[in-house]
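Data first, discussion second: the structure below is written as structure tokens.
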Amino acid sequence: MKDVVYLDYAATTPVDPRVAELLRTLNDPDGNFANPSAVHIAGRRAAAIVESATAEIARMLNCDPRGLVYTSGATESDNLAIAGAARFRAHRGRHLITMPTEHKAVVDTFKALEREGFDVTWLTPESNGLLDITRLEDAIRDDTQLVSIMHVNNETGMIQDIARIGAICRDRDALFHVDAAQSAGKLPIDLANLPVDLLSLTAHKMYGPKGIGALYIADRPGCHVEPLLFGGGQQRRIRPGTLPVPLIAAFGLAASLARAQMAEDERHVAALGDRLWRGIRGVDGVTLNGDEQHRWPGILNVSIHDVEGESLMLALEPVCVATGSACNSQNQEPSYVLRALGRDDLLAQSAIRFSFGRMTTVEDIATAVEAYRAGVKRLRRLAPERAA
Amino acid sequence: MKDVVYLDYAATTPVDPRVAELLRTLNDPDGNFANPSAVHIAGRRAAAIVESATAEIARMLNCDPRGLVYTSGATESDNLAIAGAARFRAHRGRHLITMPTEHKAVVDTFKALEREGFDVTWLTPESNGLLDITRLEDAIRDDTQLVSIMHVNNETGMIQDIARIGAICRDRDALFHVDAAQSAGKLPIDLANLPVDLLSLTAHKMYGPKGIGALYIADRPGCHVEPLLFGGGQQRRIRPGTLPVPLIAAFGLAASLARAQMAEDERHVAALGDRLWRGIRGVDGVTLNGDEQHRWPGILNVSIHDVEGESLMLALEPVCVATGSACNSQNQEPSYVLRALGRDDLLAQSAIRFSFGRMTTVEDIATAVEAYRAGVKRLRRLAPERAA
Amino acid sequence: MSADPYSDEVRELFNEPRHAGRLDDGISVREDAQGVRVELSAIAGGGLLTALGFRVWGCPHLIAAAEAVCARFEGREARELEGFRTAQIMEILAIPVEKTGRILVLEDAVRSLGQAVRGRSDEA
Amino acid sequence: MSADPYSDEVRELFNEPRHAGRLDDGISVREDAQGVRVELSAIAGGGLLTALGFRVWGCPHLIAAAEAVCARFEGREARELEGFRTAQIMEILAIPVEKTGRILVLEDAVRSLGQAVRGRSDEA
């Protein structure tokens, strides 16, 4: 994609060239394409590939590889974690806690559970998007079974304090699920030392392929999920289906690369984010969604007064950015996440999410800044004054 | 995999080199890696790729592309079709029909539905594996909502008469689901003219990548499924999650290749199957599981009297074959499918499934025949006579 | 999935509107509704529209439609404005139906412009 | 997933058993149980086992274990047979626990062989 400036890494990232090369080898008919459930030589070799990839992912998270279950992506991981754990523990209680600013895969799963008769408390964030911990403490009840709070928000980049949230959950004997789709491979996650019971991952947000994700399930009493799918006995019956070995191997390599260059990636992204924000913060009427602290620097979400969002988005072409969450962008409703931060419809609609990463260059950012400034200027000139 | 003779195509096939090449292009960081839900240029290009791949799959099945929903594979498709349709129609009735010789993804989903309170009739096959149609006619009741019968059996290759079965279902107003994981891309499936309501596919059994499948859902009144997963609005909310564009494009190309060379593939496979069967049918005590008619020639499943199955399997190395269903092969229980055909435990345990396809050569088959004959001879010499 | 929401025509009109701006020495009308703002201005002489201009606060489809309207009526008779219907423009530009509401604001503006031009020449 | 169910030792013993076959001029015993058949034979002289042979109908682990047993006792004292326990062989060959039942049939056969050899030499 040489003719566009791709700044939509939060929707999906390019595949790292080293990962792409591994995929190429594994998709080759002379490569190992066997089913890792098969007992023959080729099957056992495939199983060994899966095993070492799993070890890499476990290393990235500092967790027991036996706690990892492969899925098709974070959507499935979120569903399996939330619906699976809620149903598994339903006999103990039916109260659950989450936030309206979670990803749709979390929000909609909780809504489905509400229809099943679960009782969900929706904790609204502060105006910067963060959870006020005391509100969580007040909300947890004796029958609370599960709390689900994401790590890095996909629209604003805000980072929740999962260590503190998890400590409270553990104290009150509720399971804690973290959607880490946006943070895994980018921020350190040390599961041996974090009070997290369930954690969702997806490879395509960390330079791996689309179509593969994982759910980490801690080995603790009471921490189990009911499966959503039934079939062959793969993955201890928690998630059946032929294991997609090339995708898993690629996920494993992506994890190992992420671990090796996490600090470097983060420095790179922070420098780009800084440059971008410095470039557009001076534009009249610009406002940051979320705050400058506690933020993953690879996502910058800005609204602007009195510029129409959809036109701004088109004016930015060929710079590729998102308005709301990518998963949501067909529908031009104002983002529910930004509304929850207290933005009015107009401001929410003018929001542009820039997101970038390992392959983004300083020139890409310069182009984006230029396009943003020019687009705003042109659209403002095009618009009649506001009615008095 | 040049050091093995791979005859386990029913477990998974190699990726066609043309498909592998397409995957390589799409996984390249300069390729189009965007999220097809995004509204920016890159996203729209990705959406166009998905659209044309979907058109190819629809062409292979002669169906409306809007009826196709992508999943992670046939396991998920089977679950979505069966649990989804049963739950959607539960208010009309709770009776369902299937066979014990279905794949585990079907069998175990029906068992889960039984635990939910559905009433499942399990129709046992004739000794050749086929369903006696009159037994189906007798089993269908006024409250029967769904019948699920696979097209080609993954262990024996037996082909069910889905046109006749479907006609009965339609007549009695029950939905008809077909697991076509083993037949799609290999046998003609004309959905415009077949009375099939739901059909499961997976790419990795037809020279596409692992980790992508589809469910066809006919556009007929009453033919709907409740989703198993919740999240972003992708795929009309039936199955959310970021669409894995490279996998979908590869699936599309695999479908288009399959359609173009179906007759050629089938001739090739039939010739190989013939040669294999002629090579081993003369071995003392060999018996075919299933019958010689109504069989997909790419799967040959044979039992043998008085040879232990696990040792035979190891003696065949480096010829890679399966004992039972690949999905099932960790567990050395005698195959439930072969038991249902009336084989005793010993005979079932001695079963070897040879399966082969587009890339299999005459030499591969010759090696397998030689290995089978030699293995049987050696193991028989190694064994003491049967007790009198 | 996102089929391209913008036809080639919409992109072109949005990116290079030749009639953007207000004609200060002409007749101007303005409509604010449906969360959008549309301003049209025209210079008329002898019943003919010699120049048109627009300013819009709204989505790309609305901007493109306003540009298309200006281009279309330039050189035409002013009284045609009052019979204007957006349906045809929506079809030509392939504007999605869910945008009908906003485009109708443009329709109202075009008709107001027609009335305003007629009012002015009646005065004269 | 399938970790390799066969250790290198098992593969080697299975593929090239040096003691396969029945020693027709020796002492033979046979056990049929657990769906498997094990036959052991030995030639003994002066309390020593000078040759051993086996025939097995069973899984690769059992075949390998039988071969390992024959190799191990060759040249050893016959009375050691009666104290034989499979546990050590299962560990060395990394035989999965679920196969214990079948391997115990081999243990029984080894001990029967010990008794049979002792019986024969008591007679002599």
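Letters A, B, C and D mark the chains in the order given here, with residues in each chain numbered from 1 onward.
The working rule: contacts are C-beta pairs under 8 Å (C-beta built on N, C-alpha and C of every residue); 3 or more make two chains touch, one makes a residue touch a chain.
All values reported here derive from a predicted model rather than from experimental measurement.
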More contacts between chains, B-C or B-D: B-D
Centre-of-Cα separation between chain D and chain B, whole angstrom: 43
Chain centre separation (chain A, chain B; CA means) in Å: 33
Intercentroid distance (Cα basis), chain C paired with chain B, Å: 58
Mean-CA-position distance for chain D and chain C (Å): 96
Junction residues of chain A - those touching two or more other chains: 37-39, 43, 234, 243, 329-330
In chain D, residues with contacts to at least two other chains: 1-2
Overall pattern in which the protein chains touch one another (line/ring/star/complete/other): other
All chain pairs that touch each other: A-B, A-C, A-D, B-C, B-D
Touch list for chain D against partner chain A, complex: 1-5
For the chain A and chain C complex, residues of the former touching the latter: 306, 308, 310-311, 314, 329-330, 346, 381-384, 386-387
Touch list for chain A against partner chain B, complex: 1-2, 4, 6, 8, 11-17, 19-20, 23-24, 27-35, 37-43, 71-76, 78-79, 103-105, 108-109, 111-112, 202, 204, 209-212, 228-234, 240-247, 313, 317-318, 320-323, 325-331, 359
Chain A-touching residues of chain C, taken from the complex the two chains share: 1-2, 6, 11, 14, 17, 20, 22, 30, 32, 35-39, 55-60, 63
Footprint of chain C on chain B - complex, ascending: 36-39, 43-44, 47, 50-51, 234, 243
